[in-house]
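You will see chain A twice below: alongside chain B first, and alongside chain C after that.
Our next item is the complex of A and B:
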């Protein structure tokens, strides 16, 4: 296993990185987990319950034993189970608070049954629901983490409300899951592939990237993006793609992740591609040296789940190789940063 | 990225229950499974002619639904990568040979800023029927 030195964040993989791999004929859950272990992409193992577990959240005892058996025999350590709060389950209305609580609670119980120490939800799970989940989380020993994903940043009102809420409750059983999509320095190259496939001209993609890179909050730039896209004759579907470019890639300064501590229960090592540059492995769209510094300075010892997401845009790259490269890069950065922090 | 996998290259066939029409196999354009109540539409166009939803049915792992039943179906799911069978009736029998099949899937995902789903179109070959 690519173990980092004691006292440092631990590495791991979410099976979400292997979304395209999971769709290949003949590929099953057991073989996928075994291959993650064989390729030394642990020790942490995360998965999306509604992606990897058929029949979730109603797993019978035999299914629970089977999943646990697969994980145990792989030697990997369950790190986090991503669960969902499908507020739009019924047409025409959102789930009530009672329904939302029940929808999530059964999944937190499922996470505990499978041996996961953390269950991930999104910001659609409100502080009111989280507060109701707290006794269950405590009883089961499963921390419930709210993922902070682009376009959210520390300034977004729901995030500020969560921050206040976590500070007030100050419990280890509720907290944040920072996702690096919120703090990116450039739009990944793989986006170009997706735009090309969607028939979007390179000029329009370049214009959108340029607008993204300009200073100022991204949300304020939507009208300008729509105006320019309409001028260039983009179809509604294409405008949707261009808007996704804004919402999927946040521009928060990586140092701001420090503000989320100490209430961090897990970290998503979101990334879109590692390249072998003149100075070794590097990520053109996420500034990992700055991220690593924050995590080490905050004495974070939980997992960083490598979450390769360029598969949403392109199938040109091998997800296993990409996670391997990110692990090699992160191990080096974390250990180098640790020696700096210790020396201070 | 999932859009190009919506329409399956294999499994295109005629109905085998005496009605005229066919079956096209389709996959979910999303990274995880969703309850059928969140599948708002699976629009089908065959050889340029839209097939009304009332003339289609949707089958996942052996369970068949009419589209007007899906909004109430919260206890069954279309899993990621699972091939669902979209059966459709036509006025005339489908001829053997090539057909243009276009499918647009609309998904209701509460936390997405844009409507979920995707579309795909492929030219599929219908094998000559064995008699």
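Our next item is the complex of A and C:
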């Protein structure tokens, strides 16, 4: 396994990285897990329960035994189970607080049954529901983490409210899951493939990337994006695709992740492509040296799940190779950063 | 928008049955979704618009009228499984059909706007394919 030195964040993979691989003929859950292990992409193993586990959220005992068996025989360590609070389950209304609690609680129990120490929810899970989940989380020994994903940043009101809430409760069983989509330095190259397929001109894509990169909060740039796109003749569907880039890729400074500590229960190593540049492996859209510095300085020793997401835009790259490259890059960065922090 | 769009309706998705045309449809979303998420099925076959109310849908081996899916919040359409749209149009094995489908999946955990409405993720297919025999 590509394990990092003791006292450092540990590496791992989420099966979400393999979303396209999952669809290939002959693939099943067991073969994906086995290949993650065979390619040394652990030790941590994360998955999205609703993506990977047929029958979720109601797995019978035989299914639980089967999933546990697959994970145990792989030698990987369960790191986090991504679960969902499907508030908009029914048309025209949101789940009530009681329904939402039950919907999530069943899945936290499922995470415990499968041996996962952390269950991930999204920011739609309110502090009130989280507070109700706390006794269950404590009893089961499963920390519930709220993922902070683009377009959220530390300044977003729901995130600020969560910060205050976690500080007040100060429990190891509730916390944040930073996702690097919130702190990117560029829109990924893989977007170009999806835009080409959707008939969006390279000029429109370039304009959107440039506007994104300009100073100022992304959320304030939507009207300008719409104006420039309409001027260039983009259709409403294309404008929707361009706006999605602003939603999926946040620009928070990586150093701001320090503000989420000590209430961090897991980390998503979101990325869209590693390239082999003149100075070795590098990520053009995420500044991993700065991220690694924060994690090491904060003495974070949990898992970083490699979460390759360029499959949403392009099938040109091999997800296994991409995770391999990210692991090699991260191991080097984390260990180099550790020697700097120790020397200080 | 993405590589899964091209897999929503596949080369072998059409089957001619005595009842009409069956179209196997795959999800463009990465996770299993509850059945009410199958919110929008704008379908035309050979230029003829198919009213959703005339469709029935087989999911997990069970056939439902399209409108009944909205009540089936405790059932899920698994990531790699197709659902089958049963379309009341005349067909026969070997016949070609132009299928234009705008599939809108309601994503129940991504709430948008001040009213917190679920995101509808669209995928557009426009393919001319040959129906196989049942």
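Definition applied: the second predicted complex is superposed on the first by the 344 of 344 C-alpha atoms of A that agree within 3 Å, B and C clash if a C-alpha of one lies under 4 Å from a C-alpha of the other, contacts with A are read in each partner's own complex, and residues count from 1 in each chain.
Operating definition for what follows: contacts are C-beta pairs under 8 Å (C-beta built on N, C-alpha and C of every residue); 3 or more make two chains touch, one makes a residue touch a chain.
Not measured: the values here are computed from a predicted model.
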By the touch definition at the top of the document, which applies to A:40: first (chain B), second (chain C), both, or neither? neither
Now for A:297: first (chain B), second (chain C), both, or neither, which partner does it touch? neither
One more residue to check, A:122. First (chain B), second (chain C), both or neither? both
Using the superposition on chain A described above, determine whether A:335 touches chain B (first), chain C (second), both, or neither. neither
Once chain A of both complexes is superposed, is A:189 in touch with chain B (first), chain C (second), both, or neither? neither
Let me test your reading of the model: by the given contact rule, A:21 touches which partner, first (chain B), second (chain C), both or neither? neither
Contact-wise, after the overlay, does A:244 reach chain B, chain C, both or neither (first, second, both, neither)? both
Interface residues of chain A shared between complexes with chain B and chain C: 16, 19-20, 22-23, 48, 50-51, 54, 56, 84, 86-91, 94, 122, 124, 194, 197, 237, 244, 311-315
Note which residues of chain A are touching chain C in the complex, please. 16, 19-20, 22-23, 48, 50-52, 54, 56, 84-91, 94, 122, 124, 194-195, 197-198, 237, 241, 244, 311-315
What residues of chain B sit close enough to touch chain A in their complex? 1, 4-5, 27, 31-35, 37-38, 40, 71, 74, 77, 79-81, 108-111, 113-115, 119
List of chain A residues in touch with chain B within their complex: 16, 19-20, 22-23, 48, 50-51, 54, 56, 84, 86-91, 94, 122-124, 151, 194, 197, 237, 240, 243-244, 247, 311-315
What part of chain C is in contact with chain A in the complex they form? 1-5, 7, 30-34, 36, 39, 70, 73, 76, 78-80, 106-109, 111, 116-118, 122
